[in-house]
Amino acid sequence: MRDIKINDEITLGDNKFLMIAGPCSVESEEQIISVAMDLRKIGVNVLRGGAFKPRTCPDSFQGLGEEGLKLLSKAKEVTGMAIITEVMDGDELPLVEKYADIIQIGSRNSQNFSLLKKISKQNKPMLLKRGFGNTVDELIGAAKYLSMNGNKNVIFSERGIRTFEHSTRFTLDISAIPVLHERTDYPVIIDPSHAAGLNRYVEPLALGGTASGADGLIIEVHPDPPSALSDSAQQLTVPQFKDLYLKVQKINNIFGKTMV
Amino acid sequence: MRDIKINDEITLGDNKFLMIAGPCSVESEEQIISVAMDLRKIGVNVLRGGAFKPRTCPDSFQGLGEEGLKLLSKAKEVTGMAIITEVMDGDELPLVEKYADIIQIGSRNSQNFSLLKKISKQNKPMLLKRGFGNTVDELIGAAKYLSMNGNKNVIFSERGIRTFEHSTRFTLDISAIPVLHERTDYPVIIDPSHAAGLNRYVEPLALGGTASGADGLIIEVHPDPPSALSDSAQQLTVPQFKDLYLKVQKINNIFGKTMV
Amino acid sequence: MRDIKINDEITLGDNKFLMIAGPCSVESEEQIISVAMDLRKIGVNVLRGGAFKPRTCPDSFQGLGEEGLKLLSKAKEVTGMAIITEVMDGDELPLVEKYADIIQIGSRNSQNFSLLKKISKQNKPMLLKRGFGNTVDELIGAAKYLSMNGNKNVIFSERGIRTFEHSTRFTLDISAIPVLHERTDYPVIIDPSHAAGLNRYVEPLALGGTASGADGLIIEVHPDPPSALSDSAQQLTVPQFKDLYLKVQKINNIFGKTMV
Amino acid sequence: MRDIKINDEITLGDNKFLMIAGPCSVESEEQIISVAMDLRKIGVNVLRGGAFKPRTCPDSFQGLGEEGLKLLSKAKEVTGMAIITEVMDGDELPLVEKYADIIQIGSRNSQNFSLLKKISKQNKPMLLKRGFGNTVDELIGAAKYLSMNGNKNVIFSERGIRTFEHSTRFTLDISAIPVLHERTDYPVIIDPSHAAGLNRYVEPLALGGTASGADGLIIEVHPDPPSALSDSAQQLTVPQFKDLYLKVQKINNIFGKTMV
């Protein structure tokens, strides 16, 4: 597997496991700083948080925009964590690039080829979510767009696909991990939060993904999930996340993987 | 159902049926003019043709870009047909808006909310393809983005969804027609070409969609399908299309619908 | 396409279209006789009605069993219609064979190979429903079991497959019609009732299937749907069915098909 | 969770993990005895092996039938292992019941309600595979049939569902584990072999299922997979299985689970 340098502290690669956590959306300074400090204490080095949110309907909360990016930046200053956040539009790319250490491409933009081409021209690592209606081969096609200008720092994220089963929001496809490892040399991160849709299913999916050979996890954690402005049903509390973190660590120990 | 005016000649609405046809991609002046003249003679009033093509891999033919739009414009001049073409990027929107009578949003951009917001600010009718991984409710959510600034001229297009059945490229979901009619007042156009993936299945799907109550069809027709630069397997020849057109007309006659 | 003789009156084959109708379950003598007489008057020659019902939970109505078969037999006597009914178990096969003119294999038994082998040994025509989780190729495999002992009177029925879209109970896959016609010489009947799950979607699906080239329809009709003991939401009233019948006839006229 | 007694040696229940292994089909005395001895040495206490095989086409190998059951019985005598084997038909139930310690219901019979009712009348534990087209709720409905006569010794098996992704034969739905645990008190066993379809994906899926909280695994192991008469692509060799077994044990140690 390819080495992907996130910052001076963190490099993802063979026998490394990257834990990313943070709220679905950045909502306020207090919210993001408090959860970032808690997560850093647990051992998390990359903070997630949405500033631009892709929402099914236009009347849902759309994120704080640049204000959200600035709050992420403060959280970075305070904690030293790296920042990952989603870009939804080429116009916002310079802004997102300025604040983020990892550029995230969301599931709904996984085949937004215009956006992928624009992102391919910058130099930060890129986390590419699998479209929930996309095959593994289409995901690999999307990665070819991202890497077409020489930036090969692609990180895949499997986050569940659309199936007939509606007990969970999506069906997490853990077989994508070995299939992607076989066909590419990019790491694969599991997103159990969006697959589960309900916080009580996040831990089993996270542990399953870890044991299946994932190279990391990206998990939604909120200081107070019921009050969250988006995805309130699926975010973990900090204590729930801490408990999960320790279990993930034990599984990684078995396989000789270091959490970064 | 809402009336949607395409140009001075064509208005879509109750008891109207809109036939759109043309090649997958605009490839050359000769190709587009010749097929446009043939289609107009058959009775088609709206010409489709891709100038910006969303392709799974970056090394596939990406379309002629602005050159393609200019060729569509020539075909419009020669035949008087209205033009529909896809926009993939907000940056290209002014260009596409200049040449097109209907702005098409492709399946892979059906939840590209940034693009939808930008398109919502112009005044041309908009044909919104259902994302192949999207539910009907998500499609309606996407239409809310398109109409959020007052342009309510949305035309839905069902073009097949992802299922486990791989005999066809996608599974055409004709039940989306009555479901969309029940939940919105926008017309619904069936795209049998992308659902089928093989030209010999296009006619049955087109006729099925028509009889199910669709308000129109959008069909890929190429002067010489085997030589096409994209989707060569699924495009009809002109004689195949003519045959289909006549059958569609007979079905529409039963239901008192006029082809526009 | 192969000719399949149902009885002295009815043979299915090229340019023929078979209309089957009747209630989901046989519930009482009054119910089945009254609906059969109404249907016969409209022009239907094959009566459907379940005596053994495959239900998801054991506490749902399981059908009248042999009593139901006897009531179907009475309806046959009174109206002269042919009878189609489902067999769920090899033990019940002699009984079902005695009363039915067409043996139906339900969606959940589409790959019940033991049952298929037993049915293959009798001589009546067999209507094989596609399993809602089965590919077209698996359906063809199941037909090979049915025909392995020389009875080639197989009629396929497409009744919707499981997909992520839940606006309808299942997604009717009309592309199965041309695909099955291409790969086998058996007729294909569309079941819009089980696909739709809601009676207001039955007509569009029925008309779509007809225009796509189906060789017939099987439709649930009940004298009083709200009081039905099973599938009450999806059954048509007699007047709704009559209206549909006339539309189907008009579509078949276009294609030179005679309704049998 | 309910305790389920397999034999005097083995009881499945809280903090227990049941490992089942063996070939897809019983093929010969040498094959089944040799693999059984190898598996027992590794620590496996339940031997799987098909005598009656559900195959998509009638010309595929259908299993050795009663001869296969007798060979399983010999393997039991020699090794002391418990036997699990599939029953496909009520007529064969007395025979299967005589030889098997656990009665298996295959994926294609998961909603064969006649068979489920017959099996419900015997007293052995029952392993119920999820139909690959069935929801979790339908699986629970099927378990209600199995338990309707008082035998509550139901073991669920998740073995992959049908989705659009065809890199693996089916998509293993590990979220079914917590969902089933929440809604019932029956244990859940993961079958990674049928989900994967290719032996190199079996280990990641097996480990993922284990860490997600499964109560056991059922894995296809063959002395010489390339020569297998069925499912040759997905069976593990004995050394591959041993390696997997040790990893599963380590994961179970973390969660305080004992392998039975």
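Residue numbering begins at 1 within each chain, and the chains themselves are lettered A, B, C and D in the order written.
Methods note: a contact is a pair of C-beta atoms (placed from the backbone, for glycine too) under 8 Å apart; a residue touches a chain by one contact, two chains touch by 3 or more.
Keep in mind it's a predicted model, so treat the numbers as computed, not measured.
Q: Have a look at A-C versus A-B and report the one with more C-beta pairs in contact.
A: The comparison resolves to A-B.
Q: If we define chain centres by averaging CA atoms, which chain lands farthest from chain A? Would you check?
A: The chain farthest from chain A, judged by C-alpha centres, is C.
Q: Taking the mean of the C-alpha atoms as each chain's centre, how many Å separate chain A from chain B?
A: Chain A and chain B have C-alpha centres separated by 35 Å.
Q: Using mean CA coordinates as chain centres, what's the chain A-chain C distance in Å?
A: Measuring from centre to centre gives 49 Å for this pair.
Q: Quick one: which residues in chain D touch 2 or more of the other chains?
A: Residues 133, 137, 161-164, 166.
Q: In the complex of these two chains, what residues of chain B are touching chain C?
A: Touch list, chain B to chain C: 133, 135-137, 161-168, 171-179, 182, 195-196, 200-201, 204-205, 207-213, 247, 250-251, 254.
Q: Taking the touch rule as given, give the residues of chain D at its contact with chain C in the complex, in rising order.
A: Going by the criterion above, the answer is residues 54-59, 88-92, 108-109, 111-115, 117, 131-134, 137-138, 141, 144-145, 148, 161-162.
Q: Per the contact definition, I'd like the list of chain D residues that touch chain B in the complex.
A: 162-164, 166
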